[in-house]
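In the two complexes below, chain A is the common chain; its partner is chain B in one and chain C in the other.
Right after this comes the complex of A and B.
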């Protein structure tokens, strides 16, 4: 217990330090970076809840992020703007205008509800079949988002969301996500699910209802993704379905894999490391493009570096930076070693 | 009658291309039990090779041969970079490294070539049309059918009558046992990737021949098609992959003819929902590789 509390304290402490530092510095660029980081954290932790505990790779996560973002968009775009940004919206919802804070929660719950309905039968599958179905699910969700013009404005950019996500909200949600992820991991369901990850047959023989356990984790994971997506929507204020497809999936997956999928600590550190590297590379790219060193625009450099980093990490440390132990456990062990001496 | 013939030509030419795509994916899956997410990028590599060699003035067939060769090399490179170092460690790790390798290749194309479409050279015959028995059809449809027949024949001969093919089937059935009997594992896996690259290269000529241009994301659609086809037909069966390819083409063409316009745009959602349903109903696909892992 003390170890888990230490983990939560250390990880939340990191975020708090970041918030305080950003507020003291007062640079707008860092503000953006910090909010981005907190949103990524929520998304990565969501993926960790399912993938880390069940050991099954899921591609569908970003689809649920999209559901969250579009739900909150439909509920919060001001009524007079709706005629412009969503001309074909169904009349029943056209008059609704909720506070963004309520809508973010509704976005998360909608994503969780969709996940609950869609995913139960999928949870019986393991290995490659599970991966391909989750990939198929991502494509289905993306196709629906791209073509359901009434709600999503089709493949075009949807605009007009009120800007509601500030650093405090994003950081608060991220801390809640850390607490929830650690709590789930250490709960009875989390423990059983992790045992099924390590040995499916043995866990099943002990009486673990594996599909139901995976289902619970998947719903929780979709809730995180929906809330993360909604937060992102209110941060970026205009987006198109393209934002919720393979590129974003790759980034979130990269964060989790580099940090270590099995631990919450890994997810947090992965998100921090990748976001910081990513943003600096983006700045470098922008710098190169502005200086017009090359005749054509430089794009894709960031993704190449991230891809290489992922391969190198997986080759050298297949479990990621924090493969098995949370930071709390590591610190306690170190403390005990000192006492022994 | 002529409508029927037209329909059959459409289905067979699309199905031939789909079957080759699916076969390239399933040959690796059969042996390694691992999905190669970088498969679509092999098609992209062949396409960009065509673009890069287009200024050289070589005959088209030579350029196509070079492009296919590059796809084979890229296939082998996938093995060395994304699969071999992590193969023994975990299934998830390999899936992620192949996904990363796919992103790597795609973004390399973005960075070093261009995000905009690039024209690839096509032989004259690809844009001609042929008329017979009251049917007018592009010549490339007939070329696709012919190529598919030749490739499938070649492939089944390779798998049945050569040492390499028999060793690969043995490895697909029981990898450990095959190794104990002296089948060199790395060689077999690299060969599977090379064959996968060969199929991707040939598919690339047919696929890119339809539009005449290549973009960095060109591999996504073939990859998705190969996924669906293998899942429908059976992840572990080579015949299943071919059957799945033709079935998928049949479904696509039928939907094209029958679905109303405003539902047609959701076609991908329909087909992918079907994949999910099939996996639930028959997790091993229509043609089931026998439980022991035996396959023919």
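Right after this comes the complex of A and C.
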């Protein structure tokens, strides 16, 4: 228990330090970076809840982020703007204009509800079959987003969301996500799910209802994704279905894999490391292009570095930077060793 | 008192046309230890897998008391009070020793605190306290076996099926395990079915023996009658390799 509280304290502490530092600095650029990081944290922690505890790679996560974003968009775009943003919107919902804070929650719940329905038959699958079906699920969700013009404005950019996500909201949500991810991992369902991750046969023989456990984790995971997507929607205020597909999936997976999927600590550090590296590389890329060092424009540096980082980490530390133990457990172990001396 | 024994009635198992088990029947009662022996490939592990639902059976029935376990999933069998260990140890490698045992108690329906207490007392019973917070992955082979048996016991089974529980243990470890196993039927009121190649362990531990060869029962009964059965001597005890192994 003390270890789990230490883990929560250290990880939330990192976020709080970042919030305080950003407020003191008062630079707009850092504000944007910090909000982006907090939203990524919510998404990565959501993926960790399912993938880390069940051991099953899921590609569908970003699809549920999209559900959250579009749900909150439909519910919050001001009524007078809906005629332009979503001209074909069904009349029943056209008159709705909720507070963004309520709508963000509804976005999360909608993603969770969709996950509950579509994922149930998939949870019996393991290994490659589970990975491929989750990929298929992402493609289905993406296709629906691209073609359901009434609700999403089709492949075109949807605009008009009120800007509601500030650093405090994003950071608060990220801290809640940390607490929820640790609590789930240590809960009855979390422990049984982790048993099935390590040995499915033995967990079944012990009486664990593996498909149901996976299902619970998947729903919780989609709730995080939906809330993360809605937060992002109210930060960026306009987006198209392209935002919820392969590139985003790769970034979020990269964060989790580099940090270590099995631990909440890994998810948090992975998100921080990748976000900071990404922003630095983007700045570097812009600098190089502005200084016209090369005759051609340099593009794609960020993706290539992320891909290489993923390969290097997987070769050297297949479980990621924090493969098995949370930061709390590591600190307690170190403290005990010092006492022993 | 109603008969609560675990009965396997005329069970056959086929793997793509090959008969791995052919009409085997046996029964274990609460409080007794039954030894299941036979040469390699005789179907001992397959029988345990059939009882616990890991492999489907082609014909026959499996009953605990009046409850029909035939065709149940491993999970359902486990919830009916039949626990097992595996020939190749299957621990949850990235969980601590305590968590391994806690998980089984939780799956059985215990609460958080009850599971932790149960894990603690089982660790004490098996002399694993020093390993409580270690990851299961790093344990010695003997410790892994002990954790696996503790985990099976955490579900408070009425029947425990142990597939080579002493494999890979040294003599001292085997002796310690033997004294714990010998007590179990009485202290936990459970029926124990043990597969092992260590004949001295089997002879010291078991009340009755059941001998399989090529998927068929060739002998059953008390130790002495089985030991003197010519079929058993020919199929199992007589072969040089097996006695050397024992």
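The rule we apply is simple: the second predicted complex is superposed on the first by the 336 of 341 C-alpha atoms of A that agree within 3 Å, B and C clash if a C-alpha of one lies under 4 Å from a C-alpha of the other, contacts with A are read in each partner's own complex, and residues count from 1 in each chain.
Just so it is clear, contacts are C-beta pairs under 8 Å (C-beta built on N, C-alpha and C of every residue); 3 or more make two chains touch, one makes a residue touch a chain.
Note that the structure is a prediction, hence the values are computed from the model and not measured.
The superposition on chain A brings chain B alongside chain C with room for both. By the document's definition of touching, of the two partners only chain B reaches A:314; chain C does not.
In the superposed pair of complexes, A:128 makes contact with chain B only, with no contact to chain C. Using CA centres, the angle subtended at chain A by chain B and chain C is 80 degrees, rounded to a multiple of 10.
Looking at the shared chain after the overlay, A:57 reaches chain B, while chain C stays out of its contact range.
Contacts of A:192 after superposition: chain C is touched, whereas chain B is not reached. Once the two complexes are overlaid on the shared chain, A:339 sits clear of chain B and of chain C alike.
In the superposed model, A:144 lies in contact with chain B only, and not with chain C. The wider contact with chain A, measured as residues touched, comes from B rather than the other of chain B and chain C.
Closest approach of chain B to chain C, taken over C-alpha atoms in the A-based superposition, is 8 Å. Touching of chain A by both chain B and chain C, each in its own complex, is seen for no residue at all.
Taken in their complex, chain A has these residues touching chain C: 188, 191-192, 194-195, 197-199, 201-210, 262, 324. For chain B in complex with chain A, the residues that touch the partner chain are 29, 33-35, 81-82, 85-86, 89-93, 95-97, 99-101, 103-104, 106-111, 114-115, 220, 224, 227-228, 231, 235, 265-266, 268-269, 272-273, 275-276, 279-280, 283. By the touch rule above, chain C contacts chain A in their complex via residues 52, 54, 73-75, 77-79, 83-84, 86, 90-95, 99-100, 102-104, 106-108, 112, 135, 151, 155. Residues of chain A that touch chain B in their complex: 51, 55-57, 121-122, 124-125, 127-129, 131-133, 135-137, 139-140, 143-144, 147, 246, 250, 253-254, 257, 261, 296-301, 303-304, 306-308, 310-311, 314-315, 318.
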